[in-house]
Each structure stands twice: as C-alpha cells, then as structure tokens.
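In order of appearance the chains are A, B and C, and numbering begins at 1 in each one.
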Amino acid sequence: MSPEIWQITAFTLGVAAAGTGLILPFGVALAWLLARRDWRGKSLVETLVALPLVIPPVATGLILLKLLGRRGPLGPFLDSLGWEIVFTWRAVVIATAVMSFPLLVRTARVAFEQVNPRLEQVARTLGAGPWRVFLTITLPLAGRGLVAGAVLAFARALGEFGATIMIAGYIPGETATLSLSIYHLVQLGRDTEALGLLAVSLLIAFGAVWTGECFLRKRPA
Amino acid sequence: MHLLPRLLLCLILPGLLAAAELNVFAAASLSDALKELAPRYEAKSGDKLRFNLAGSNALARQIKEGAPADVFFSADEAKMDDLAKAGLILADTRRTLLSNTLVIVVHADGGAAVSTPDDLATPAVRRLALAETQTVPAGIYAREYLLKLGLWPQVAAKVVALENVRATLAAVEAGNADAGIVYRTDALISPKVRIAFAVPAAEGPAIAYPIAVLKDAGSGEAARRFADFLASSEARTVFLKYGFLPAAR
Amino acid sequence: MNLRLENLRLPLAHFPLEVDATLSARVTALFGPSGAGKTSVLELIAGLRRPAAGRIRLDNTVLADADAGILVPPERRGIGYLPQDDALFPHLSVRQNLLYGTRPARPRPADLGFEHVTGVLEIGHLAERRTGTLSGGERQRVALGRALLGAPRLLLLDEPLARLDGPLKERLLPYLRRLREEFAIPIVYVTHAPDEVVALCDEVLVMETGRVRRQGAVADLFAPSAQPRYELRPEPPPAF
C-alpha cells in the first residue's frame, strides 16, 4: 500500500474513532433515559434522534453547514472560541458523529431494555443507590450491547460521505477520508486508483460490522 | 367530411412535430443568462427546454456515459475536444460563442483584505475557494492564472476545491472561505460578494465557451435551431448584459 | 414492629389499590387471588413505587407521604425484597450475590453473619458457583440469603414457593420456617396458597381487587378442609 493510502486510511480511522468517542457518553446517557424513563415530548426526542438515519445525508450536511458556517447562527460563537469547523478535519468528525449517533442510541437503548428492571430494583432494596446500581448491575449486563452499538457507530462513521462532503469538502491531507478520496479519483477519471481505496474501505467495513455483530449475538448460556 | 379532418391534421401536425423537448447541458456559470433566455425561446419556437447545469467536466462525463443530451455548451474547449475525439458531436455545429474573465471575490460585508492577487498569499486569506483545479474549467483557468503569476506554490495548501464555480461562489458567500476565484459573471449576480480584483482579459487565461449539437440528439433540427438562437444577436445582448464577453477572435 | 399503611391509594390496571391497614405480627400473610394487588403493596412498602395518596410509616419513620411529597428511596429503607422471580444477578457469582447488600454502614445483628445465614439456608457450598448453574430450590435459598445478609429490618417475600413444584416446595418449607425461628426479622409473606399461610404466618390480610377484605389471626380465619389441606373460613354474617 502506498504511503498516501496509509495516510488516508489512518485519517479515516482516526476521525471515525474521534466521532464515535464524541457521541459515546451522551448517546449512552440518552439511550438509558429512553429505555428507563417516560416524559412528555419523549416521542419528539425519539423522532429527532432517528432523523439522520432517514433523511438524505446531504440534507443533514446542509443543515450542519448552515448551522456551523462562519456566517451562520453559531458562527460568531465558534469564532470567539477560535474554533474553525467548516472545511477542516473538525467538520469531518462532526459529520461522522451526527450520522452515527442514531445507530449508537438505538443499539444501546435495546441493550438497556434487555436488562431486567427487577434486578435493578432488588439491588436498590439491598442498599445500592442509583449510581451503584448503574455501574454494578445495568452497565455490566448491557455491556455487550453497548460495545456493539459503539462498533456499529464506528462502522457507519467510516463510510460517511454525504454530510462530510458538504461541510468538510475534499482537501487532501486535511479532510480526505477514504470515501471522499474515492469520489475525487472517480471525478478525475482515475478509476483504477479508486479501486485500491475501495478495497481498503471494504476490508475495514467488513471487519467493523463483523465485530459489531459478534457482540450483538447472545452470550452462550 | 374528409377535407375537414385532413385540414385540421395539417394545422396540428406541424405544431406537434415542432414541439420538441431539448436537453441542454450547460456550464454552471451560464445559469442565469440561460434562465432568462429560455422562456423567450420557448415562446418563440414552441419547444421545451430542460437544463442540466453543472461543472463542464461532470457534464462531459455524463454525455460520454450515454446521458441524453441534445446540446452541450461548455466553459472550455478541452471538454468539447474530448467529446469531439469520442465522435459524439456534430462537428459542423461547433462554434465558440462567448468568453469571460476571472475575478477574485471576497465577502461583501467586511471580507478579507485583498486588493491584488499577491494578497492571496498573505495570512489574511486562510482558505481560498476554487473550483476543482484539475477538472472543472473555472478551476483550471484559476490555477493556470496563479501558476502564471508564480503564486500557485504559496496558495496551493489553502485551496478548498469545490464541484463547480457556483459552489465556489457559495463558499465565499457563506464566509467559509476568505476569498475565491470565479468568473466575473458569477460575481456580478451575487450581492453577498464583492470583486476584490478583476483580472484584465489580456493578462488572464483565454476563456472560451464553445457550443455544439450532439450526434445522438433526439431532435437534431430543433437542437440546431436552439444553438443558432444562442448565437443570435438577441441572445448575445442578454449574455453581454450578464457580463460575458464575445468570443475572442 | 409496626407497619402502618395509611389510606394508601395507587391506580392499577383494572382497579385502584386502596389499602388502610396496620401490620404488627411477626409474620404477616398477604393472601388473595392473582391480580389482587398484593405485589403492588409490597412494591409500595419497598419504595419501588410511589403512592398516589396516603402514608407509609414503619415504627417511627415516615417512608412515604404523598401529600407532603416525602418518598424515602429504597436503598435507605432497610427493607429486603424477594420478587416472584428470584432476581439473582446473573453476572455475579453466588458469593458476590450474597454479599451485594452488605456494604451499608448499618450495624449488623450478630445472627446475620455470613456463616450463620449460609449455614441456616445450607448454601455455603454454593459460594463459588455461577447463578446459572443452580437448581430452582438453590436459587430461592440464595435469594433469601442475599436479602437476609442485607440486614433488613423488614423482609418482603413475594410468593417464594409459587414457582416450585410439590416436592421442591416441601423441601423449601423448612428453610422458611427456620427463617422465622432463627432470625428476628418481621416478614410480610405474599401467597395465594392457604397451606403456606397456615404453616408460616401469624396474621393474615385477605386482599381482593385492590382492597383488604379481612384481617385477623391465621387460626381464626383458616379452617382445615379435605383438599387443599386448608381453606378460608366463610365470612361471619354482619352483626346487627
């Protein structure tokens, strides 16, 4: 593999990991709330979370572009923090984070729902406060499902294109992920080179999804 | 009784035959001018026009892959040569209609401090929006110009490549790029950017907009008629209004 | 002990739960058909559900007061709870299960030491096993042991023998008797089987569609009969 392909692959893995890491705490917390609590407006939250899964990725990208652009509503705020987002690697991380979020939340929610609430209740009667119950009972029992959710989110992040091209664009060395690079090469008519990147993408995606599915399969009794 | 229906048919048929639908593949920079000319032509000819406006490279690729186009109006000769070599155009219909000049634009509202091309190399410009510099005509022209000035090595790292010249313009409008190089005609239609530097036609690259009818055109006659219309003085007045230049002789 | 359920009200699926009763016996039975609301009463006492109206007081402490907005969380009530499915933690060993409730810094009565409890329930030899490898009877005894080792001041048992077949039930009954004899912890025992009431309990509350219909000593309310071995005596006619 050429050094260029290495760089692009390493960059793609890096931003996918960063994006997944970014949504992990918030996504798991939200999944727990959706699994265990009820509140007015819960359906609205569920719908909003599912949106990036359903609306075209470029549409999500457009929304992000309008929100995060230098002259968008968040522009001045981001400027004051010295954070430039659009057309930088940060945009890639954000795009992958947003697109992977629904997948993480859904999988994690199911994982929490599969933990018998009776176990948590009994733990409380044995003197454990809510945090101790979460850490010693809920989390270990939901563990495999949570890992599966993270891995699937990571796999989704690896292949992200539509939203990424909108807010990050293709800048070699700065925002060039595997999918963006494939697109760019095809545009230049360099299809055969694109095939090399394609092979790498398939390999990584296969590995990621396979791992995720392994964790989703029930533990042998 | 025989005469009446035959008379009616004679009146309607030519109308039916003449009502062609034309697929016009044209460079993005021609958008506004063509949108103004379209209703005029449709009313006059009875034909329907359907536009596919994008970077000329994307259009050329689509045509090569079999997209149903009747007329191709490109922003550079190279794309037209490409199709000619592949035997896809009617050579006798090819002619160069227009030219254009490049400008450097910045945001109209407190944009970056740029008044000459050299300013593009300063820290004031952190990101420079160009159309993709190896494939899209506007980007090719811009890179050609910057190479000529010896500025390319200094600005190459700042370049954000966009899909076509209108996307380039949008990037500057949104403030996501500090400056951009687009056609003068693009800068003129956008109130959100101002021209920081206009490249004199003599110093800039030779920009040419050729047009041709495609060999596989659905209705060759209607396509030729439209191409002729675009070459007419009526159409030229509109193009010049938008800032295009007549084809360099 | 004195457990006061004052005008408790909780909407259930088909009818409201409305209970006003005082429990002071050593072992009190909550007797009635399925769906009468017995489990819900236990959940209210344990603090797993919040009453819509009314108060719960245990000795001198208010555990819940709907009007005053008081709700002591389960982990601070010191009330042990055995749900109908034993709810052993599947990812922990038997020992870890047993010791789960032993952290709180409440003073432990001497008779609730690990050796004593596992001895009485005869589960000491199971300590290093995984919960998935235990039999039904073993699971129940471990669940009991776990609740006891939490040093509760009140123990709630929700039909502990319901999921066991005849012979297994017979084998477990002595352990429940030992529970009564060896440990001075008041018990509320939910069941729909009359012979369990007679075998283990001192007082009984008869519940039906969310309300307590009768309350009294077991000897007064239950009479021997052919099969099952005991049955509920008919209600005496109202006095004029």
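Note that in this section a residue touches a chain if its C-beta (ideal position, glycine included) is under 8 Å from a C-beta of that chain, and two chains touch if they have at least 3 such contacts.
Since the model is a prediction, treat every value here as computed from it, not as a measurement.
Asker: Have a look at which chains touch which and call the overall pattern line, ring, star, complete or other.
Answerer: line
Asker: Can you tell me which chain lies farthest from subunit B, using the average of the Cα atoms as each chain's centre?
Answerer: Relative to subunit B, the chain whose C-alpha centre sits farthest away is C.
Asker: Please report how many Å separate the Cα centroid of subunit A from that of subunit B, as a whole number.
Answerer: Centre-to-centre distance between subunit A and subunit B: 39 Å.
Asker: So how far apart, in whole Å, are subunit A and subunit C when each is placed at the average of its C-alpha atoms?
Answerer: Distance between chain centres: 46 Å.
Asker: Taking each chain's centre as the mean of its CA atoms, how far is subunit B from subunit C in angstrom?
Answerer: 83
Asker: Which residues of subunit C touch subunit A in their complex?
Answerer: Counting only subunit C, the residues touching subunit A are 46-48, 73-75, 77-83, 85, 87, 89-91, 100-101, 103-104, 132, 146-147, 150, 152.
Asker: Could you pull out which subunit A residues touch subunit B in their complex?
Answerer: So the residues of subunit A touching subunit B come out as 65, 69-72, 75, 86-87, 169-171, 187-189.
Asker: Could you list, by residue number, the parts of subunit A that touch subunit C in their complex?
Answerer: 116, 118-119, 121-129, 136-137, 140-141, 221
Asker: Contact residues on subunit B for subunit A in the complex?
Answerer: Contacts found on subunit B: 57-58, 61, 107, 127, 132, 134-135, 159-162, 171, 174-177.
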